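Next up: the structures, one after another.
The two complexes that follow have chain A in common; it is paired with chain B in the first and with chain C in the second.
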Partner chain A sequence: MGKYILKRLLWMIPIVLGVSILVFTMMTFCPGDPAQIILGATATEADLAAKREELGLTQPFLIRLGNYLSQVFLRGDLGQSWSSKVNIMSQIMDRLPRTLILSLVTLAISFGLGIPLGIMAATHQNRWQDSVSMVFALLGVAIPNFWLALMLILFFAVNLGWLPAMGIDNGLASYILPALSGCMGTLATCARQTRSSMLDVIRADYITTARSKGVHEKDVIWKHALKNALIPIITMLGSAFGRLLGGMIIIETIFAIPGMGNLIIGAVNNRDYPVVQGGTIFLAIAFSICMLLVDLLYAAVDPRIKAQYASSKKVRVKKEANANG
Partner chain B sequence: MAEVKAKKKSEVVRVLRQLSKNKLAVLGGIIFFIEVIVAILAPVIAPYDHTAMDLMNINAGPSAAHWFGCDDLGRDIFSRIIIGSRYSITIGICAIAIATVIGCAIGAVAGYYGGWVDNIIMRILDVIQAIPGMLLMIVAAAMLGPGFLNTIMAMSIGTIPGMARMLRAQMLKERGNEYIEAETSINCSTFRIILSHLLPNCMSPIIVQATMGVGQTITLAAGLSFLGLGVQPPAPEWGAMLSNARAFMRTAPHLVIFPGLAIAVTVLALNLLGDGLRDALDPKLKN
Partner chain C sequence: MSEVNRNVPYLSIKDLVVEYMSDGQVVHAVNGVSLKLDRGTTLGLVGETGAGKTTIAKSILRILPDVGAKITGGKVELDGKDLLQLPEREMQQIRGNEISMIFQDPMTALNPVQRVGDQIAEVVALHLEPGSKTNPMERAKEMLEIVGIPGERYYDYPHQFSGGMKQRVVIAIALACNPNLLLADEPTTALDVTIQAQVLDLIGDLRKQFNTAMLLITHDMGVVAQVCDTVAIIYAGSIVEYGTKEQIFDHPSHPYTIGLFGAIPDMNEDEIWLHPIEGLPPDPTNLPKGCPFSPRCKYATEECRQGVVPVSETPDGHQCRCCHMEEVRKEREA
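Then we have the complex of A and B:
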């Protein structure tokens, strides 16, 4: 098990290296002159040339890429923001926890409500509980999170005045609306996935056996059935976290939460390439670690998978088969 | 040959018949079909010119004359949403079409050849997919610059890896079948094996994914425009309309309500259709 984790952690190095190269390349081909954007429209040609020289934009692409990679990977330095001159690492360390906590809380709400909702739908198949939760699930997937955010602001902040519309000055209350608007899509997907995998499991012979042994219905559902139905739900967890991290970018912008999303969008608009690169690298690391945790969760839930971790090749094949249905 | 054609036709008929039994899927299909017709005939259907400003009706609420009210420049919101369907639906369909073609090509090569080719392709996809989807689209949109065509490109860049991975997994399952061995033994060309034998057998999940993907792409593209990185105002793309409406949300909430509803209805219709298609294409998955 320890060997497997170490292997996966080591594998993250080439992934992060690849992400850095990809994002650096993409940002290099962005239209617009960063020097012009930093200095404004009134800058003289001489000033612009000096600025380009200072930012290192006059060097050939491969040399800049090499410099950047050695700076990031050998010295652990993401550089300075072009526009604000602030150290990027400290900016990210300041903001990443907010984004991660918000995403994790959102994820917890989605799964904490989505799984019971899915179970309710499955155990009451074709009855009103099923219809209500599935209508809710369909709407949850269809409604865009940023529009839901606006609607929630309109209702709870503007009309009722119960919750703050933006900022993070009101402690926990500031995070309620962002988490609510962020969780709806994942909650809905989770409820649907739980319903369908519970329905698959509930008809299995061992459930009938458990019932005939006189096991309490509650235990049949929550202990016997759910444990086996969890695997496809856990598969979903990883991709759901990725979507949430991405979705948080818009949510943070709407609620003016100073997190990674706000940082990256601001940097994209200012052509502040180093910040975009650094931010993307860190979000990719966070995402990769989450995927690793999801894989470890498989082992915790399913002893069969735990046994397979000895030969990781089998696990990968099984995981891919799971992920692709 | 005629027999093969007849068989293909009967398969399509079977799927359609199965689909027609699913009322929700039919409803989704009808809604989306109507939306496509509306998008095609948009300038004819729209009651007003979507760019015409009426200064007497700035931020006016819904009324008999202006069903969805007017925006901050007095433009009729109903007309703008109708014209906007052209942008949103075109982005959704084109981005998914491009992503499906490129993604399937990549996935087919990886899945069919296996070995080091597969390994290299999959590791590149690993890198791309390590970046959360929306972030990848934002970076792609930043690279390409704002605008309608660039939004389509950014959307497809974000969708290609998922499509490729899905088709590869299908290919791996399908490749082991005896008919592929038989075709290899009669010296069938690789291109032919992939294109006319493997691909059609791998298409079911791709069709479902593509149908659902159009809806997701419409939402994501609206999000991109909302952030100011996609389609730019004054174009009445639904996300761009929402972005513009945000400033007037407190005084004129109808400005934000209707474009969002348009997105939600479209995505809902496509999801219903996609669900139905999945059940019809793969009876095993049906609960």
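Then we have the complex of A and C:
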């Protein structure tokens, strides 16, 4: 198992390297002149040329790519922002936690409500509880989150005054409305996924076995069925987390949360290449780690998957033994 | 435990009717089945796939799928107490404790994400008497040893076991609380022939120890001959013939029973062809009027298709539901 984790962590190096090269190339070939944007419309041609020289844009592409990669991977330096001159690493360290908290709160709400909703639908298949949950899930996918965000602000922040309308000055409470607005899609998908996965499982023979043992219905569902139904739900959790990390831009903008989404969008608009590249590299790392966690979660839930992770090692040991013997 | 009443059979099923709803159609799975089973004895329930055997067993435990299946009539009396009227809580105490079930397919009957030992210990823990000193985990290990699996394999998962071993675990779960009634649903069908005999012997030994009654569901006449005291032949949800093993094997009286025997190869005869029963079982959403076997029966006459064929019983208790019983018997004996 330890070896498996190590192998996966090592795999992250080529992945992050690939992402860096891809983003660097895309930014280089995307239209718009960074010097023009930084200096504004009134800049003279001489100023622009000097700025380009300063940013290193006059060098050939491959040399710039090589310089950037050696700067990032050998010296661990993401450089500084072209527009604000601030160190990019410190900027990311400022903002990444906010996006992480927002994503985690969103996930917690989505899965905390989505799983019970899905279970209720599955255990009351074709009855009114099922219809209510599924209509709710459909609404969740259909409602645009910017509209929901505005409605929630209107109701909870403006009318009732319970929660802050924007900013991050009130600790965790600041994240509740953004998370509620951002969670609907994930919640709905989670409820649907839980429902279908539970429906498969509660018809399985081992569930009948559990009932025949005299297990209480509540335990049949929550203890025997849910653990078996979790695998597709965990898969969803992983991809949802990845989506949330990079995709909370609308929510971050509406609620004025200075997170990663805001940072990267701003940088793209300013053609602030180093910030876009640094931010993307960090998101890639966060995403890879999150996928690794999902895979470890699989192993924790399902012993058969755990056996698979361990077996690659055993096969190797056997091969070595054969080679030696 | 209640006092044993000699006159009342331990398990008595009376006119059980079970229906499934499927795509708006009613599937007549069990149509007025009556059975009796005494303590320590074995009743074989024999019939084709889809005849309603498993449905009967699940009805006794009330573990039919809650969507679509419905027990619409009859009684299931255990020691004179109607199980169908019990509240769910009391029923849960009976399941796994007083009555337990062995399932047909050991590959799917165990929870894949739970340790096998925990699956045995769970049933023990659920039915501990108040003040009992039994340790569920110890008992589970003991049960594993009893069914021939080393106790230290308590911590293994089902995927680490072979099919035969999984079935042993299923048996260990079923017998962990010393049930008085065991419902064995084709316990050997999914197993290798070499393992079948072992598993049957194992069930037999354990039953002898605990004086457990057994309802054995099977379509294997050889198994019936080996372990059963009484036999009920079921066709399309009705019992067509019912008697002691000797009565059924020596004097089969229903054309369907005789058809079943004809489909077994006989080592002593020089037979080239087996004699399968022509045709297919009837569609349970649309059962023929009268005797359900009549469309496949070579003896069938107008009389068979008129209405429900009554059960006739010989003085020694051999029941048969056929209009042409005498004719069949004479021809058979000739």
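The rule is short, and it goes like this: the second predicted complex is superposed on the first by the 306 of 325 C-alpha atoms of A that agree within 3 Å, B and C clash if a C-alpha of one lies under 4 Å from a C-alpha of the other, contacts with A are read in each partner's own complex, and residues count from 1 in each chain.
Here is the rule we use: contacts are C-beta pairs under 8 Å (C-beta built on N, C-alpha and C of every residue); 3 or more make two chains touch, one makes a residue touch a chain.
Keep in mind that what you see is a predicted model, and the values were worked out from it rather than measured.
Applying the stated clash criterion after superposition on chain A shows that chain B and chain C can sit side by side. In the superposition on chain A, contact of A:Leu297 is made with neither chain B nor chain C. Shared-chain residue A:Leu57: touches no atom of chain B or chain C. When both complexes are overlaid on chain A, the residue A:Ile109 reaches neither chain B nor chain C. When the shared chain is aligned, no partner comes close enough to touch A:Leu39: not chain B, not chain C. Look at A:Met26: by the touch rule set out above, it reaches chain B but stays clear of chain C. By the document's definition of touching, of the two partners only chain B reaches A:Val141; chain C does not.
More residues of chain A lie in touch with B than with the remaining chain of the pair chain B and chain C.
Legend: residue contacts after superposition of the two complexes on their common chain; A:Gly214 is shown touching chain C, with no touch to chain B.
In this overlay, which is a superposition and not a single complex, chain B and chain C have their closest Cα atoms 12 Å apart.
Considering their complex, residues 123-124, 126-128, 130-140, 142-145, 165-166, 169-170, 205, 215, 219, 222-223, 226-229, 242, 246, 249-250, 253, 256-257, 259-260, 263-265, 267-268, 271-272, 285, 287 of chain B touch chain A. Residues 125-126, 203-206, 208-217, 224, 227-228, 301-304, 307 of chain A touch chain C in their complex. Note for the complex: chain A touches chain B at residues 14-16, 18-19, 22-23, 26-27, 29-32, 138-139, 141-147, 150-151, 153-154, 158, 196, 199-200, 242-243, 245-247, 249-250, 253-254, 264-265, 268-269, 276, 280, 283-284, 287-288, 320-321, 323-325. Against chain A, in their complex, chain C makes its touches with residues 58, 61, 63, 65, 67, 88, 92-97, 100-101, 103, 105, 108-114, 122-123, 126-127, 157, 159-160, 170, 173.
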